[in-house]
Amino acid sequence: MRRLAGTFFVVLFSFGVAQDTLNIGIITSFTGRFAEFGAQHRAGFEVALAEINANGGVQGRQVELVIEDDTSSQQTALAAAEKLLSRDVPIIMGAYSSSITNPLAQYFTRQEFPFLVFTSSADSITSPGSDWVFRINQPAATYAEILFDVFGILEATESLESIAVVHGNGTFENAVAAAAESLSEARGYELVEIQSYDQGLTDFRPILNRFKAKSPDIVFMVSYSADAVAIMRQVKETGLSAKVFVGAAAGFALPEFLEGAQEVAEYVITATAWTKDVNFEGAGELYAALMEARGKEPTYHAAQAYAGLLTVADALNRAESLDPETIQRALAETDLRTSYGPIRFTDFNGYRNQNPVKMVAEQVQDGAFVTVFTQEGVVNPILCPVPAWESR
Amino acid sequence: METAVALLQNISGGILIGGVYALVGTGLSLIFGVMRVINFAHGEFLAVGMYLALVGHAAFGLEPYLAMLLVAPLGFFVAFSIERLVLSRLVDSPEQSTLLATLGLALILSNALLLLFGAEPKTMYVSYATATVNLGRVTLSIPLLLAGFVATMIILALYLFLTKTEPGRAVRATAENRLGAELVGINTLAVHSVVFGLGSLIAMAAGFVLMPLLFAIPTVGAGFTLKAFVVTVLGGMGSISGAIGGGLVLGLAEVLGASYLSTGYRDAYGLIAFLAVLLLRPEGLFGRTIKRV
Amino acid sequence: MRSGIFLAGLFIAALFYPLIFPNLLSIAIYFLLLAGWATSWDILGGWAGQVSLGHAAFVGVGSYALAILAGRYGIAPWWGALAGMALSAALAWVWGLVTFRLRGPYFTLSTIAIAEILRLVAIEEAWLTQGAEGIFIFSLKSPFGFDLFDRQVEYYTALLYLAAVVGLVAWLARGKLGYQMRAVREDENSSQAAGIDPTRIKLIAFMLSGALTALGGAIYGVYLSYLEPHDIFFLPLSVQIALTAIIGGRGTPFGPLAGAFLLVVAAEVFRNAFAEANLLIYGVLIVLVVIFLPRGLIGSWQHRAVRRRYARSARG
Amino acid sequence: MHAALEAEGIVVQFGGLVAVNDITLSLDEGEIFGLIGPNGAGKTTLFNALTGYAPMRRGKVSLFGEDITQLPAFVRARLGIGRTFQIERPFEELTVLENVLIPAFLHRARRSDAERVAWDALEQAGIADRAHQPSADLNLARRRRLELAKALSLKPKVLFLDELMAGLNPPALAEMIGFVRTLTKSGLAVLMVEHIMKAVVELCDHVMVLASGERIAEGSPEQVTNDPKVIEAYLGDSDEPGDR
């Protein structure tokens, strides 16, 4: 309902002097089911905006953000996009959910207007993609890739042969699961089960009992946060043991997962886009700044919003004018180092204008996320095999 | 042998989940039986129960089962007032009016929760969340067993209330024949309010017992409303004992379907059973013949 | 008659809307589609009296038919829309045959169940729908050189759609079928005594309603240009469609239109004034309408107007 | 030459209860046939069986020699069976004219044609002056007339009147009796269930008495009212025959 109410509203952030400012358009979710992620984005934008304007703004002008709330609805996001186009912004960034960003990307491609994606992960946003859509964050398939890289490392000491996948049936979870399926085949794992579940499901026991009967070496889970907690609790309850438990989506990498699942979260390896421990300069400082802006534990979504805004400011600084083609060319030539990671847009593996930044893997150890694997390799020891539930 | 154990495991899982469904369905069935109102806000009361449990736990460190007893009067009062304010004005309106009013109430309740608690899922950590007990080689969840116990107690209490007490008899008289009840001096409007309060309170109780197992989001109710409909139609609308049977059948259908067919269609199994019963045996699987077509 | 002139005036004014508000087309398109869906819903829900909470399924069938046929086989969108309408009519026929034995709230419950099953099918049967991954509408044949993805073209398409649906319903309402539907709604036994086959009338109403909803769905699909089962086969969308018609006034040709206008405007006002609370206010609005205007906005007004007119003629 | 309506060995059962047991009757064009009996005698059930609203266990119904036993109510209506309901059921959201328009559409698809038929029926039933009144606002006598006008605009061949006279005051009753009499002039066959003995005596050519689903007497109104079995049946029930 909320998303259908057909509403949007403008939040104007103005920092510093508002004379001759440059507006940047943003669409994300402040209300509706994705509101929590919009709040994370807001923290990232605030930190980046302060940094940009403190460094003299863009082309000598102070930057202002025109932020539209899409109320977690496709229809409202499209209305917001149309409105932003009329507000004299040179570039637009958006949105949280892939189901919202997909139609937005289509729209801006048709309008031939530069659009920067910073959180949405569906492969389809940049594959096939278009000349006008740029993405700084990792596509869904890479969530699975990093975890399969971890399996490769672990195989030095453990024999991992079979894998069972459980995933939600949303766009993003589905894409990660599909990637896991093809990677299993490509890298020689036996996929013994792949089961999807509908949103709002609360009883995972039948699925987990099915897995138990097959005793897979790897249990591969793709879920949002609420489900992540319920799944791990029921994994313990059903006594499903495996050598490796991985959670390949947002749900397992959020602080809420640790709070809700507590001791059952232990040993779970998750894929995440960014942590404070990544090997990029300033990551620790960024974490602290985001923490302050959000007032609580920031997630990688905040860092993505931060890096997205920096990318836009960088491209605008290099562009001689504010017409769409010029900005598009400037974006295409981006080569930026940020505390989120390096940002450049290339075409590879069927992706277009996609930043090839790698994912990071972390493991829950003693009730906290520990970064264990980055593009540099193993950075902290990975605990494996996971002890059976009886012996914990 | 392994398959036999797995089957037993699945059947017991279905029965335990079914117990929770039965509890949710009982409240809806009670309301329908007496008021002839199809309450689309039923699941939202369950959500309210979840958040009440959450608040009790976070603010006072209360166990959800204990908190349930403490906030029950408050929950009853909320539902009672809603009936007084809205539904009691619609007693003589066409049934579609009450249906719409409850849809409106559902929107109001879930969005009030959204405003108060935000959109992100909330979980509650209790030490026994994953505790189990083994029966032979079958593993049973202790919170689910507790939920089943609470459900049994509540349904038993409701049964005793309806059959052994004077107000309970007034409720049954109203359900049988509202006009007749009026004639023997029963204030049927008051009975309606009380019944709506009780039925909604039962939904809230289901929210309490589910909280240690699940998570609360403001929109969690809609799915349970649908489940409650399925349960009551399977068991026979307005029949309390039917709701128990309906809950167990739904639990078994879902768990067995998900275990031996595809899990993606899990919700469909219940819905297909629901349609089949609605069309082939409209009085419910266990009910006596009542005409509803 | 007067209302006819009024509506023709509205239509002409609507023709100029894109010139006046060239940057507020998206919200207008959604208003037009919602009004069209609600009017289509009302054929079954208002005129024939069968409240459905499953109409999002027809939005889904219409939009998916267009997307699949255009994407895979390069079939022109108008044929895709037509196919979606035909498929929806067929779906409504089977759906009605199965569920019209049920009356009142039981029918309503069965529509929810069937629409939910269809949602799961759209998610699970990826060979057909591409499942949760979603389906894009990248390119479409251009009729007479019009770019269908242009918001202005979409606006006029949606306007034509709404005008056609409202016109059709207004015309039906005066004729045989309109009265037969009302007879079935009021009393199935009495309608049989008038020689009416209630099941047949309900089936016709359902098929018309489904097909017209699907046509709007096809336009919506082009507007979104990306479809995903969770957002299209969406129970709250079904509820929204039904509420729009009910708040406006069921069984009146222009009630759903008024309902859509009120809801879109109210949503706009509420989001500014109440932000996060907008849906809560929406719920309050529904409860108030049910209690104080049980026939909806236009319905209550019409109800009184008929009596006033009669009282005047009886005096005069 | 077939009778307008023939019923043979009609049996209606609800669960174990036999509501109508083995009733046979025949009705000619222009004839008025009365069906009387105490409350619960099965009159309305027999009515419903003949018009297609109650399922028959056994028996055969034919209309001008055509077997209509298996046909649903609306087909019987199309073939020429018009009826009124004991509890009159106007389409309350509609005006009087619109109510009558609905059956009038049966044989006339165009609205202007149907309206002509409807106006004729309204004139005939004597409520044309109320045509534009919302039907929910009519008083009892006018509701009865509306019921009649609805049945007439079907252009029926056999008309079933279910307690059309009940509750009418004396002037309205006299008017209604006169009106029903005129109907048969054009050859319409009328079957009426009636409690008002004045109407039965004045109108009916032939009367059948039912009690507990059984036929207990049959004949002219005079014969029947003097039949001791009939008197006993009515005395056994508190519901006495006679003007009420």
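Order of writing sets the labels: A, B, C and D. Residues in every chain begin at 1.
Here is the rule we go by: a residue touches a chain if its C-beta (ideal position, glycine included) is under 8 Å from a C-beta of that chain, and two chains touch if they have at least 3 such contacts.
Here the structure is a predicted model, which is why all the values come from computation and not from measurement.
Here the chain at the heart of the structure, going by C-alpha means, is C.
Farthest from chain C in terms of Cα centroid separation is D. The chain pair B-C and the chain pair C-D differ in C-beta contact count, and the higher one is B-C. Averaging C-alpha coordinates per chain places the centre of chain B 32 Å away from that of chain C. As a whole-number value, the distance joining the C-alpha centres of chain A and chain D reads 75 Å. Computed centre separation for the pair chain C/chain D is 42 angstrom, with centres defined by C-alpha atoms. Computed centre separation for the pair chain B/chain D is 49 angstrom, with centres defined by C-alpha atoms. Multi-chain contact residues of chain C (touching two or more other chains): 120, 123-124, 239, 276, 279, 282. Counting only residues that touch two or more partner chains, chain A has 1-2, 31, 169, 196, 198.
Two chains count as a pair here when they touch; such pairs are A-B, A-C, B-C, C-D. Of all residues in chain B, those touching chain A in their complex are 2, 6, 9-10, 13, 17, 107, 111, 118-121, 123-125, 129-130, 132, 139, 141, 210, 213-215, 217, 219-220, 222-223, 254-255, 258-259, 262-264, 266-267. Chain B meets chain C in the complex at residues 38, 86, 89-90, 93, 95-97, 99-101, 103-108, 111-112, 114-115, 222, 226, 229-230, 233, 262, 264-265, 267-268, 271-272, 274-275, 278-279, 282, 292-293. For chain C in complex with chain A, the touching residues are 22-27, 30-31, 34, 120, 123-124, 131-134, 136-138, 149, 151, 223-226, 228, 230-231, 236-237, 239-240, 264, 267-268, 270-272, 275-276, 278-279, 282.
Put simply, chain A touches chain C in their complex at residues 1-9, 31, 71, 74-75, 78-79, 81-83, 85-86, 99, 102-103, 106-107, 110, 122, 124, 169-171, 173-175, 178, 196, 198-199. On chain C, the positions that touch chain D within their shared complex are 174-176, 179-180, 182-183, 186-187, 189-198, 251, 306-307, 309-310, 313-314.
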